[in-house]
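Residue numbering begins at 1 within each chain, and the chains themselves are lettered A, B, C, D, E, F, G and H in the order written.
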Amino acid sequence: MNRTTVEDLLDRVRRGDLDVADATDQLAGVVPGLDHAAERVDGIAHLDHHRALRCGFPEVVFGASKTPTDLVAIAKSILERSETLLVTRVDNQRAAALSAAFEDAEHHVRAQAVTVRRGERKPGRPGLLILTAGTGDVPVAEEARVTAELMGQAPEVVHDVGVAGLHRILGESERLKAARVVIVAAGMDGALPSVVGGLVGVPVIAVPTSVGYGMSLDGLAPMLSMMNACAPGVCVVNVDNGFGAGYLGALINGT
Amino acid sequence: MNRTTVEDLLDRVRRGDLDVADATDQLAGVVPGLDHAAERVDGIAHLDHHRALRCGFPEVVFGASKTPTDLVAIAKSILERSETLLVTRVDNQRAAALSAAFEDAEHHVRAQAVTVRRGERKPGRPGLLILTAGTGDVPVAEEARVTAELMGQAPEVVHDVGVAGLHRILGESERLKAARVVIVAAGMDGALPSVVGGLVGVPVIAVPTSVGYGMSLDGLAPMLSMMNACAPGVCVVNVDNGFGAGYLGALINGT
Amino acid sequence: MNRTTVEDLLDRVRRGDLDVADATDQLAGVVPGLDHAAERVDGIAHLDHHRALRCGFPEVVFGASKTPTDLVAIAKSILERSETLLVTRVDNQRAAALSAAFEDAEHHVRAQAVTVRRGERKPGRPGLLILTAGTGDVPVAEEARVTAELMGQAPEVVHDVGVAGLHRILGESERLKAARVVIVAAGMDGALPSVVGGLVGVPVIAVPTSVGYGMSLDGLAPMLSMMNACAPGVCVVNVDNGFGAGYLGALINGT
Amino acid sequence: MNRTTVEDLLDRVRRGDLDVADATDQLAGVVPGLDHAAERVDGIAHLDHHRALRCGFPEVVFGASKTPTDLVAIAKSILERSETLLVTRVDNQRAAALSAAFEDAEHHVRAQAVTVRRGERKPGRPGLLILTAGTGDVPVAEEARVTAELMGQAPEVVHDVGVAGLHRILGESERLKAARVVIVAAGMDGALPSVVGGLVGVPVIAVPTSVGYGMSLDGLAPMLSMMNACAPGVCVVNVDNGFGAGYLGALINGT
Amino acid sequence: MNRTTVEDLLDRVRRGDLDVADATDQLAGVVPGLDHAAERVDGIAHLDHHRALRCGFPEVVFGASKTPTDLVAIAKSILERSETLLVTRVDNQRAAALSAAFEDAEHHVRAQAVTVRRGERKPGRPGLLILTAGTGDVPVAEEARVTAELMGQAPEVVHDVGVAGLHRILGESERLKAARVVIVAAGMDGALPSVVGGLVGVPVIAVPTSVGYGMSLDGLAPMLSMMNACAPGVCVVNVDNGFGAGYLGALINGT
Amino acid sequence: MNRTTVEDLLDRVRRGDLDVADATDQLAGVVPGLDHAAERVDGIAHLDHHRALRCGFPEVVFGASKTPTDLVAIAKSILERSETLLVTRVDNQRAAALSAAFEDAEHHVRAQAVTVRRGERKPGRPGLLILTAGTGDVPVAEEARVTAELMGQAPEVVHDVGVAGLHRILGESERLKAARVVIVAAGMDGALPSVVGGLVGVPVIAVPTSVGYGMSLDGLAPMLSMMNACAPGVCVVNVDNGFGAGYLGALINGT
Amino acid sequence: MNRTTVEDLLDRVRRGDLDVADATDQLAGVVPGLDHAAERVDGIAHLDHHRALRCGFPEVVFGASKTPTDLVAIAKSILERSETLLVTRVDNQRAAALSAAFEDAEHHVRAQAVTVRRGERKPGRPGLLILTAGTGDVPVAEEARVTAELMGQAPEVVHDVGVAGLHRILGESERLKAARVVIVAAGMDGALPSVVGGLVGVPVIAVPTSVGYGMSLDGLAPMLSMMNACAPGVCVVNVDNGFGAGYLGALINGT
Amino acid sequence: MNRTTVEDLLDRVRRGDLDVADATDQLAGVVPGLDHAAERVDGIAHLDHHRALRCGFPEVVFGASKTPTDLVAIAKSILERSETLLVTRVDNQRAAALSAAFEDAEHHVRAQAVTVRRGERKPGRPGLLILTAGTGDVPVAEEARVTAELMGQAPEVVHDVGVAGLHRILGESERLKAARVVIVAAGMDGALPSVVGGLVGVPVIAVPTSVGYGMSLDGLAPMLSMMNACAPGVCVVNVDNGFGAGYLGALINGT
């Protein structure tokens, strides 16, 4: 929309050929922030309620750096306009505060997440497969699962299929064939996404985890390995970012 | 398939209830490498002709580390069984050798790639949008475009829409709305994927490029920035890995 | 001032053409430390009371590594000669000790700072705008605000305008236009300074924060991103260095 | 501007209380890209001619990654609308191409830059001081000087005043006192900005240079040192980024 | 085994020339996971009981990231099929839980390991020598010793023979001559493996430890030093990986 | 040997109970450098001819940093006392100089090595298997092969069996079963050693290679991955260190 | 000493021309470890009592990684043969244990060290000057002071003379002129050694400290800066290594 | 010197009790730069002729970054006031230019240095020992030797005594005992300084070299190893900084 098209639009308004509401709608497409349901909570957080419309998902709340009180306030504000809520990285104290405030809150212990889902639940969409290389990667994978479920997915999860015992991943060939997108959480050598990427013809989302010690460097080693995966079709999200992997997996698998 | 199911299968063969060809087919699903059209070229390269079937795309040849003669030999071997060929990272000398050997080879100068496409060409699938932050990122984006086109996509490409002049990306709102997956190539601060990720509700594939100097550290700076993109739905591939981005973009957009 | 000019000066003193006080003043300009109000507290700290004159601000005290008792002693020494005091990085225990010692001490909880301001307060100078990308960056921005206020500024502060929801920063266009210098605190991808730098024609001071996880590497990722900001007019201070940003912002905005 | 204010505006247009041109102007403030003089050169570069208005300076062209032909084309496009042009990081071949194309082009050999300045030249604004620690830092400082001059500054430049011979910087006390902003280019230990920051009460822009060997790590060592400068009022730009330092210095010193 | 050989095999089964059990055995060699004694414990861990057969050692359990309850459950599952168990990185609480559950568990305090050894114990195999550079490296060396003993070795261990007092390692010439493989644990400068590698003609397994401070960087410094050992015959395992060193040492020394 | 045992020895010499030659032999075991056939070539190199006896292999010459003339001189000195010579990292010019000087020199082009082998050749010892993940890893693997052959091994070499096409390594199960030690050269994600380590029960020597681009960081990525291999029994040598891998492989396999 | 000279020596012993004690003494010069007063404490520590003779100082005990009981045992063993003892990095609990065990133990609180000095004390040797850039560097400097005093030095210590207030170091010109060796402890930008190195003509020992935050990277930043000091005559020891600096300073200043 | 003492001095001048020349001399001690023989060459280099007096050595010229013409001009300026000149890092072209300009210039090919020494030469001072670990470290050691000789030293140099063949360094026990300071140049594992530091009781200056490949990381690996040397008395200079080592060695050994 350039100056000319805006002038045309205004001209049509002036002549009465276009009414104000319609003109406003047309401008809304190009004026950032216009009609945006941004809301401030507690003077600090800047909630983006229209994200649900624009991107198909409400704003997720990163719980680790917020006080229980703030978390509850922010959660309330979101739930006034949205039927779903996801709070990640919550310890037991924060989870308890949320559970006390919202009767229908679910605490996913392994995923360290709290969710609220209201309204009718449709059956989840199949096609998303979540794998872990070892048992230490489970929390990250669970965060991905919880996220994806909230976005309407019905993910399958298979744990502990790392490459040091190759029969474990090869034994999952049925599931691999059925998948439309695969999330792979792995620490240490980060080798599983390369192997999975060579076995499937669908997108593979690699999540490095900070599981390991010494030269795993808190997830840097598997992250680098995954960035260099010799199988194409592999992409990488941040270390321990189960939420990001689940979100992206849901976007790719669709609804 | 465990011991029991294999014994059952063999038993049925023994009894004549299952013929040998069918039994072989069933075993082929679980015996890795069985019936695999692997072929050795020149005693070294190990071509994987069934990749085309398994993953929907023939093996890509990384041209940079091979001699022109080897490249032609490998290309020949692939083209005997496949209708498409992609050779990446070819300088002019290697491109000339391939063009001399294959009449229908196309040299994509900006992408530093050579392709051969035989057989009927269907119209490409729309929905893949490729963006660059600056003009220096063009070669990487072009490698992504060439790859995606070979996989049946009809990508749109928009260059030089980096965040320092925000109107440039905001001026592409129509294309952003229409996209089903977006590839973003950016060097230096690597900030564009975060911005794009906030504007769309579809997967964003971020490709860091080695464009820049000083603390860009050959692409490490934009890579880290992209790994930490504050918009969800963003994943990252290796620095300058236009091929990987195009391949993944095609997988996500489907065929 | 070379040997000849010193000899001339002394000659004029000898001849009575220049009196001793004036000669001393002239030498004071070139003799480092001459007439310097340096003072030792507790045998260790080396206070620089003339810094207030030379650089327009008393020495700031970095609270984190000092005992409450030492802090109070140092603060006393400063307040004997100065009307303002800033102690940064103070936890609640240290803040309590300072509050107990000085009736007029203010504890800025979010900024983790304690200040004392004596004498007449003039209205602050407008023109300094402080932005944060997310709520996690607030403490760093608050340290900048407290510092700038002590230096006579009246900063505006807007939180949580990160690039993943671009309408948030675009919605602040009035404030951006009015600013004469902008401080931007951001963790994770560190992308906000690049965007702001493209929207304004004034200096942008980028402060990376250690907010984030995984590959944010305690602030290294946003720091690198900011060093490579593709908009000119952006400079960077140390990770979490709100004090440094506020101080520099005040210097640039003037008094 | 929210929905209501837009509806009001349109309503006034509809009623004839506001004419179309004025309404367009009001919208221009909030619609990014509206009425923006963006122009595409050669299908790739995306020039931003309004940057001159918005930020007070035409787009600078980074010469290193462009062919001589492209550089001339881009330069032509800029000079059609702007009276000044700056091309940085040009080798002799690129400089020759630009000099051949534009009679009034100046090649700044040490700065590796080409400039064109048309129209009346006003005397430059004093107050910007540029220092180098050693002779190896001169090219970076010269790039800063050329940039600042193009932005209406009359910078003073003093070379080779590194801290290993402290009398050199102390001998410049007159210039230091007169400065309103100081740019310091230094490689190796990057210690000069700390020292200068302690001597002046004005902003110090530190530019790490890649001068040195071994553990200077191509400028990483001085960059880290500068980020940790113990004198407040110091900020840092990218390694070897003379342009960025000069640009920021001019913004701070004003016009 | 390719399609033809599988068809031949099936054909022989069909004709009755090969019975089903034998055919299954032959297939077992090529079908990964077939007849594999993988077992799931607690829905998460994926035990690999045949590893004992395939690789000569039961799966080791990494204790650090598991709850005492999980550890006991996993240990039980392993001991149902195996005569040996090794749990590494167990603190006192975990060790107590294991000791309570298994009467014959041994807690190796320095090695932070728990073992169970059932069945007849043969005398260990000599030839493995374990050295430490300093007393801080002892826990890592002890983990190696415990591991190796469980694999049938009778290692000799000599502590505190670092290169700063060269007579200490030179005084062990008898042991060095007798060794068939040497494990060297060292932190700080990591120099001991280079020296040992020059004194012996057998494999040297270097284990960097995180002992040290400052630029030892949690074991990175000795690791890099060991990777660059100027004596051939030296290889490196992960920082603090005593288990890996002991395991590899046992493999090399044989049984 | 302490003071007492030396005094005893001398006493026995004094009494005539031990003759001088035997006493010298006994002392030779503890006096470093005694009777050592060290020799200086060209005033700089310090050849260690007894290394052949002490460690079973003559000193290898690293060709990259020496002039052709120096190389020939050093080679001559070695061949006067030894029947074998290995010069690594020789370009064509250096190789030509050596071939001209020694009729029986062999130039191994892919391995970039020159060898001389004199005396009777016994059949090599089987049991050493060398694998590469991709064709780019071949030069490193060849350096390992040449080194091992010179030490009396008969290694098997299989190229291009990286994990992205898992059937390739699974198709080598016969060779894997037969191996007593495996060398694995891999760049990029460095995942192959983890997979191989899980398939065999013998030592695996992982050699990271500098093959790759972007975040492979010249071999750092595969090196880190290999250090974190989740299969035990894996150790790592320096990036591109084919010589070290071959040497260690030969030591482990024995003679 | 080669074979011939040893044979000669033995021959003289055999003939009675040299007695056993003298021969032993002559051999002691070349047999490492012969007659070495190494002693084992608690099965682990390997004390080197002759270090006092060979290197002029008893073995220092690094307290941080040892239990109070072990520390006392080791200290006892050292004090049986030595008149001085230095235990570094001791917290209050360890210091108390040592003070309880040895009446004449001194606890240096700031230096976190315990010393015992017996025998006559001579006046210390002047010439060693110890400087700190800030108050946070005091503990490191104090460790250096305690160490040097134990080695017979009478160091002067001046704190808080960092370069941000240059008059502070310039005000110490008398002390700088008198020094024969200078130790400089500095964190953050690590700039002080460069400045000091330019002011004196004697060796400067730079000790980086882990004082700082953000990009000081636990001392990496000042360490790199010091390695690149542009003044010659500067060398560097490990981060926070006050002991090493004091030891080296004493060696250089002599006794 | 504070305000009062300056006033006293001036008063005495005023009264005629102190003459101008003497007063100037007294002030010269505190006024930095006063009477300093700084001189500018070519508008850029800032020579410091008094360095020779202050620090005992003329300014060294780093040749690598200067043109042959500039080098000759700078050299001339130095030689007008000094009897000695050292130019480091000169290639053959630069060396030829200097040799052509100064008849008495000496080109030290291995050290890549040019020197001029005029006036009477006294015999050099013994006590400085320079060691290299391998032949690749020779150029760095030679730069140290040339530097030290110019400062009046008579260094001994022993090459190729790395720790992989320990007898080589042990065979130098006579020289080690005689040394008053030892310089050790080593690349790769950087282990030699630790060993030497344990054998001598004098200062050891460790110079990491960039000799090596892979994880030597251009000298970072030996640098880190040396920073963590477990023998006290070791300090480190920059990678390949032979000049710095020689200069410091001469300062320590004295004159």
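Criterion: contacts are C-beta pairs under 8 Å (C-beta built on N, C-alpha and C of every residue); 3 or more make two chains touch, one makes a residue touch a chain.
These figures come from a predicted structure and were not determined experimentally.
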If a chain touches chain C and chain H alike, it appears here: D, G
Numbering shared by both copies at the chain D-chain B contact, with half separating same from different: different
Whole-Å gap between the CA centroids of chain B and chain C: 50
Inter-centroid spacing, chain C versus chain A (mean Cα positions, whole Å): 39
Distance between the centres, which are taken as Cα means, of chain B and chain A, whole angstrom: 24
Sequence positions of chain E contacting 2 or more other chains: 30, 32-34, 165-166, 170, 199, 214-216, 220, 223, 227-228, 238-239
Pairs of chains found to touch, sorted by chain label: A-B, A-C, A-D, A-E, A-F, B-C, B-D, B-E, B-F, C-D, C-G, C-H, D-G, D-H, E-F, E-G, E-H, F-G, F-H, G-H
Chain B-touching residues of chain C, taken from the complex the two chains share: 133-134, 162-166, 170, 187-191, 194-195, 197-199, 212, 214-217, 220-222, 224-231
Touching residues on chain D, where the partner in the complex is chain H: 135-136, 138, 159-161, 165-168, 170-171, 211, 213-216
Contact set on chain F toward chain G in their complex: 1-3, 6-7, 10-11, 13-14, 16, 20-21, 23-24, 27-28, 30-35
Complex contacts: residues of chain B adjacent to chain A: 29-30, 32, 54-57, 60, 170, 173, 199-203, 205, 223, 227-228, 232-239, 243-244, 247-248, 251-252
Complex contacts: residues of chain B adjacent to chain F: 32-33, 36, 38, 43-46, 48, 51, 62, 64-66, 208, 210, 218-220, 223, 238-241
